[in-house]
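Order of writing sets the chain letters: A, B, C and D. Residues in each chain are counted from 1.
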Amino acid sequence: MSSTFGHLFRIHTWGESHGGAVGVVIDGCPPRIELSAADLQVELDRRRPGQSKLTTPRQEADRAEILSGVFEGQTLGTPILVMVRNEDARPEAYADMRDVYRPSHADYTYEAKYGIRNWQGGGRASARETIGRVAAGAVARKVLAKFGAGEVVGFVSQVHTIESKVDPFAVTRADVERSITRCPDPVAAEEMTRRIDDARRAGDSLGGVVTCVAHGVPPGLGEPVFHKLEADLAASLLSLPACKGFEIGSGFAATRLLGSGHNDAFVVEGGRVHTRTNHSGGVQGGISNGEPILVRAAFKPTATIRKEQDTVNREGEAVKLEAQGRHDPCVLPRAVPMVEAMVALVLCDHLLRQRAIAS
Amino acid sequence: MSSTFGHLFRIHTWGESHGGAVGVVIDGCPPRIELSAADLQVELDRRRPGQSKLTTPRQEADRAEILSGVFEGQTLGTPILVMVRNEDARPEAYADMRDVYRPSHADYTYEAKYGIRNWQGGGRASARETIGRVAAGAVARKVLAKFGAGEVVGFVSQVHTIESKVDPFAVTRADVERSITRCPDPVAAEEMTRRIDDARRAGDSLGGVVTCVAHGVPPGLGEPVFHKLEADLAASLLSLPACKGFEIGSGFAATRLLGSGHNDAFVVEGGRVHTRTNHSGGVQGGISNGEPILVRAAFKPTATIRKEQDTVNREGEAVKLEAQGRHDPCVLPRAVPMVEAMVALVLCDHLLRQRAIAS
Amino acid sequence: MSSTFGHLFRIHTWGESHGGAVGVVIDGCPPRIELSAADLQVELDRRRPGQSKLTTPRQEADRAEILSGVFEGQTLGTPILVMVRNEDARPEAYADMRDVYRPSHADYTYEAKYGIRNWQGGGRASARETIGRVAAGAVARKVLAKFGAGEVVGFVSQVHTIESKVDPFAVTRADVERSITRCPDPVAAEEMTRRIDDARRAGDSLGGVVTCVAHGVPPGLGEPVFHKLEADLAASLLSLPACKGFEIGSGFAATRLLGSGHNDAFVVEGGRVHTRTNHSGGVQGGISNGEPILVRAAFKPTATIRKEQDTVNREGEAVKLEAQGRHDPCVLPRAVPMVEAMVALVLCDHLLRQRAIAS
Amino acid sequence: MSSTFGHLFRIHTWGESHGGAVGVVIDGCPPRIELSAADLQVELDRRRPGQSKLTTPRQEADRAEILSGVFEGQTLGTPILVMVRNEDARPEAYADMRDVYRPSHADYTYEAKYGIRNWQGGGRASARETIGRVAAGAVARKVLAKFGAGEVVGFVSQVHTIESKVDPFAVTRADVERSITRCPDPVAAEEMTRRIDDARRAGDSLGGVVTCVAHGVPPGLGEPVFHKLEADLAASLLSLPACKGFEIGSGFAATRLLGSGHNDAFVVEGGRVHTRTNHSGGVQGGISNGEPILVRAAFKPTATIRKEQDTVNREGEAVKLEAQGRHDPCVLPRAVPMVEAMVALVLCDHLLRQRAIAS
């Protein structure tokens, strides 16, 4: 259960950062979707390390291999296995961490849970685990496209205290890819670049917010109770490393409005029902209403820093730790394809679920 | 799937607000837990309408009946069926809404999904659906207590712009129950009472935030990837009616800190590993670390207001709506037992999962 | 998990034979299926005790109440709760069994698993648990009918050593209901009646076989691997009380044929692909091929008999047991609606799953 | 869902016979179980083709590679990915089958379901899919051994009309491995060898029965209703290619006994409760009673034969087919490790489930 996500469009990720490989099984994909490794690679390249000076220098080509479920360029309806070999693993760099718990990492909790951990890198807690998600998200996007059920655009809307000033519903993928920060506001993007670079040089790290919009989602996707669209979206994003918060539509800001100011009036435009405002973020009662879906995910500053920190070792002794390893001073730019993938996976799953019961 | 929550400790809620009854099947509860209807009633009474001037005047005793799974005062290990009859249903009060979509309600989206809805009240989208959750949460609390695995205390930390000033880790249930607002800060509580009362008289509504702390959760509960403790907690709270946002630990505030200021240093105190700060909110890498778990849930202002609103009807014509029905001007006080129940359910499920694999 | 069956069309049964009530939550039913309590009652009346001299004299009207999920005669798409109160419970009749394990009953194993059991009747192991299945099966039949996806006819094909001589594909429901044995072969039926009556008078019991055919199932339902149609059918029938064996198509007889004699040649008839023989029982590679699906389920003789038996009590002492209680000398006639219900549930679930991915 | 088996100890198989590779993700395995690729290889070697003159001449070393979830010789508690490359694939041998439906194969039904199939071999319907199951079963056996919860021994008890004469509860693995037929009765084994060889030369095929016994399973494993141990065992075996029937304990033979002759009297021996006979096959009311568990699985004759057969092509034209390809004239000897693996997987899953709730 731990490594499974989705009910009908269902993925199972596997792999440690320093094991042989990482990847995913994608089960429940409809047949006859055109698919090639290149389709996955586009998204994996946006996620992979070493793509700019803002990201970890770990050199991983992250070449995806599809080992099942695709035949003559089309999905078979059977499980799709995607594998990416770990190439630039340097376990020796982690030798110091063998017996020491890195603050705000998963070292201590994995030991508490399992009594064992792969100390050569982050194991399952590494961001490399998200390779499988991003690959699966690329497949989900193709399914959504085939059934005309939505297009997902994420972007960095905040890094540390710097906020972008854009209309989230107007942002295009081209806008996002223009900057290595993946912030579509050029002024903020430049400032973010500097701030991240400063943090990197200082051996420190930064957090921020990814905003993600799904356009063209038909009304009726979602469920009334435990699998409300926002509940599944929240679970999907909080399952990403370093994510600490989630909002749909107005989010926490909703708490400071009156009901009369928050309610989204219904209007008819272009022959179909719309809402005048979109505080709901495209979802009402757990079900999509046809407006763009907007979610926001908060990411904490990367736990790995190059400054000396207080911690303890496995013997319960106080020790000082100065992490070496390679890491991103700010995960936000690389988090964008991860967030998009998770949103696409949720939508795709709910699309199939709705197809099952629709008349 | 829609109405099922949990993997080992698993609940299935059922019922519409104006159908015959609402309730829950609780499956996977360990045997030989002492349980009576009175245990459930304590929590249901905190949730039920009509308990104070701040809540809807709908008169529902919400008497829980246990129809299976308990024998001679103990759980059998078999499914526990809890039923509460709907008594004070007034479907005629909703006749006006038969063909009109209430803004920011689920009327339109249910029709889009199902092509039919029970217009006599909110159907499944009604807060009455949470009766089953609160009853199940009371059972989960007993399981947690039996295995010494945690105690859950939630409280109202914000209503509209009024914020409580308390140490969340020091709040007790007695502190919470002292005020009809369920805010443990007496000064803020009084202000909240006035503000809610003002909103009620103005026919308007308010939102706010519930903070919830789980004390005494052992290290090692949770999962590394999709069922990270925070992911399941987020899903559980976003599945509550009107919930728009979720935070664990430092949440969105984390995004404005440096890594060096956010990391929780490990220390040894009282013979076991602790963290000096708790920005992590008791969870690292998806797994509990033994510190108190802290989550926050944002609730929007109640969608039902007594002011005239623009909307459309099923024929796609613009109409004015002035809702009558009975409603809470602010759901926050009643949301506390709901939030606690969801947190208890998540912890109980993960407790059982951990027992399965622990040596 | 224990009490949940199905993936999209999903049921959760609950209730002990001597608790307050038994029933089922049916989740995932498509909306706008016409449904009333009377639809369920037809099937429940075929299942209930006391319907003929061949069945237990326990008097239970088994009146089904629908408490949610149906509105103005149609399903809402939300969970349907069906409840049947236990009326003719006589716990005192079981007082002797409080500390004694009835041979080939679940008394001992429930104690081994849970450390507690409801000794007033069979608890969850009672055939009363199947009330929920039969009610849910009636709903599944309506869904299948709406989507033109199959009609299920079961019958008693063997009691003890008496076998019916009929073409299973030609049997109609009317043929089945003609006899209290539910055997459509009048000669065998009469002999079965006598044999069952003899067993009853001797305080002994008989087993037998139910054969079940699903007509009109479209090609393409099922899954290639773990949820092969025959795997789900086998699980569904082996989950019935007293079921010891399962066959699809040629079953165990297949083992004595050569491949050249067993293979079903494909032919084109009436413009579509058929098979000349149907050793496959309508399923190839886990997926329906459009031919009638045929399964057989073996039921052991009822464990409760009125003869003295050797057993042990909770203290591990050898004791003699002469059960009183009320029981069926042969469960076969009442097993027919149970088998049909399980087959309908499996088909309905796979129908919805196929709708999700079909282009 | 299609390719997932198990609830806590959960496997996901993937791969086509002529895609790049086949394998499995094993999720939910407890941590700190000693595990190496060699542990898997022992079982894979019993399953692989080309191991004797009775099996297909396809040359596959079936070398298992573990790519995640194991560290320094121990399981991590995280998903274990096992991959086996397809080496001796000869897609050209299947060119004739591109447009022709092989009788009693899955060609037609896959097309009906998906509108596409990998015609280069059997795709997912190939017995190569069971590589993942057998590898996972080897892991399950290690978990069972660690927790002292059972040892699984399967054997061929029938081929065509030849039945072995052995006490199933006394058969050891050494007895089974003594003959290439995996029949522990030397006389029957020799006859089976001849009969299979005759069928091979005649271009025909044979079916048979595998009997499997689980020794040392503690009382209390299983569930009362839908996941009765026998229901999960039935599903697990009917999910194997070519399986047509299932029995637990007395199976279909139970139907010809009286209750007084079938009931298993309880006795106390060696300080614990036993049954005098074991018609129940080690399971009562869905839950293990501590006696050896006995199941039987019927396998039809291999569908691929070298004789000319009537069939149709994709255009619906009648054609003659004489299959070339490589195949087993009788799957029974290779089915033994598959059956054992499935039984071990079911027991391991239920073992973990019971650990979750036991006090």
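As a convention for this text, contacts are C-beta pairs under 8 Å (C-beta built on N, C-alpha and C of every residue); 3 or more make two chains touch, one makes a residue touch a chain.
In this text, all values refer to a predicted model and were calculated from it rather than measured experimentally.
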(message) What's the minimum number of touch steps needed to get from chain B to chain D?
(response) 1
(request) Report the chain whose mean Cα position is at the greatest distance from that of chain D. (result) B
(message) Suppose you list every residue number at the chain A-chain B interface; are over half of them used by both chains (same) or under half (different)?
(response) same
(request) Go through C-D and B-C and name the pair with more C-beta contacts between its chains. (result) C-D
(request) Averaged over CA atoms, how far is the centre of chain A from the centre of chain C? Could you give it in whole Å? (result) 45
(message) Suppose each chain is reduced to the average of its Cα coordinates; what separation in Å results between chain C and chain D?
(response) 26
(message) With centres defined as the mean C-alpha position, give me the chain B-chain C separation in Å.
(response) 39
(message) Multi-chain contacts only, two chains or more: what residues does chain D have there?
(response) 1-4, 7-8, 13, 28, 31-32, 77-78, 113, 115, 123-124, 224, 353, 359
(request) Would you mind writing out the residues of chain A in touch with chain C in their complex? (result) 7-8, 28, 30-32, 77-78, 224, 352-353, 355-359
(message) For a test of understanding, state which residues of chain B touch chain A in their complex under the given definition.
(response) 1-5, 7, 13, 101, 103-106, 108-110, 112-113, 115, 123-125, 129, 158, 160-161, 199, 204-209, 219-228, 230-239, 241, 243-252, 254-260, 262-268, 271-273, 275-276, 279-281, 283-290, 298-305, 307, 309-312, 316-318, 353-354, 359
(message) Under the definition above, what is the set of chain D residues touching chain A in their complex?
(response) 1-4, 7-8, 10, 12-16, 19-23, 25, 27-28, 31-32, 65-71, 74, 76-81, 83, 113-118, 123-124
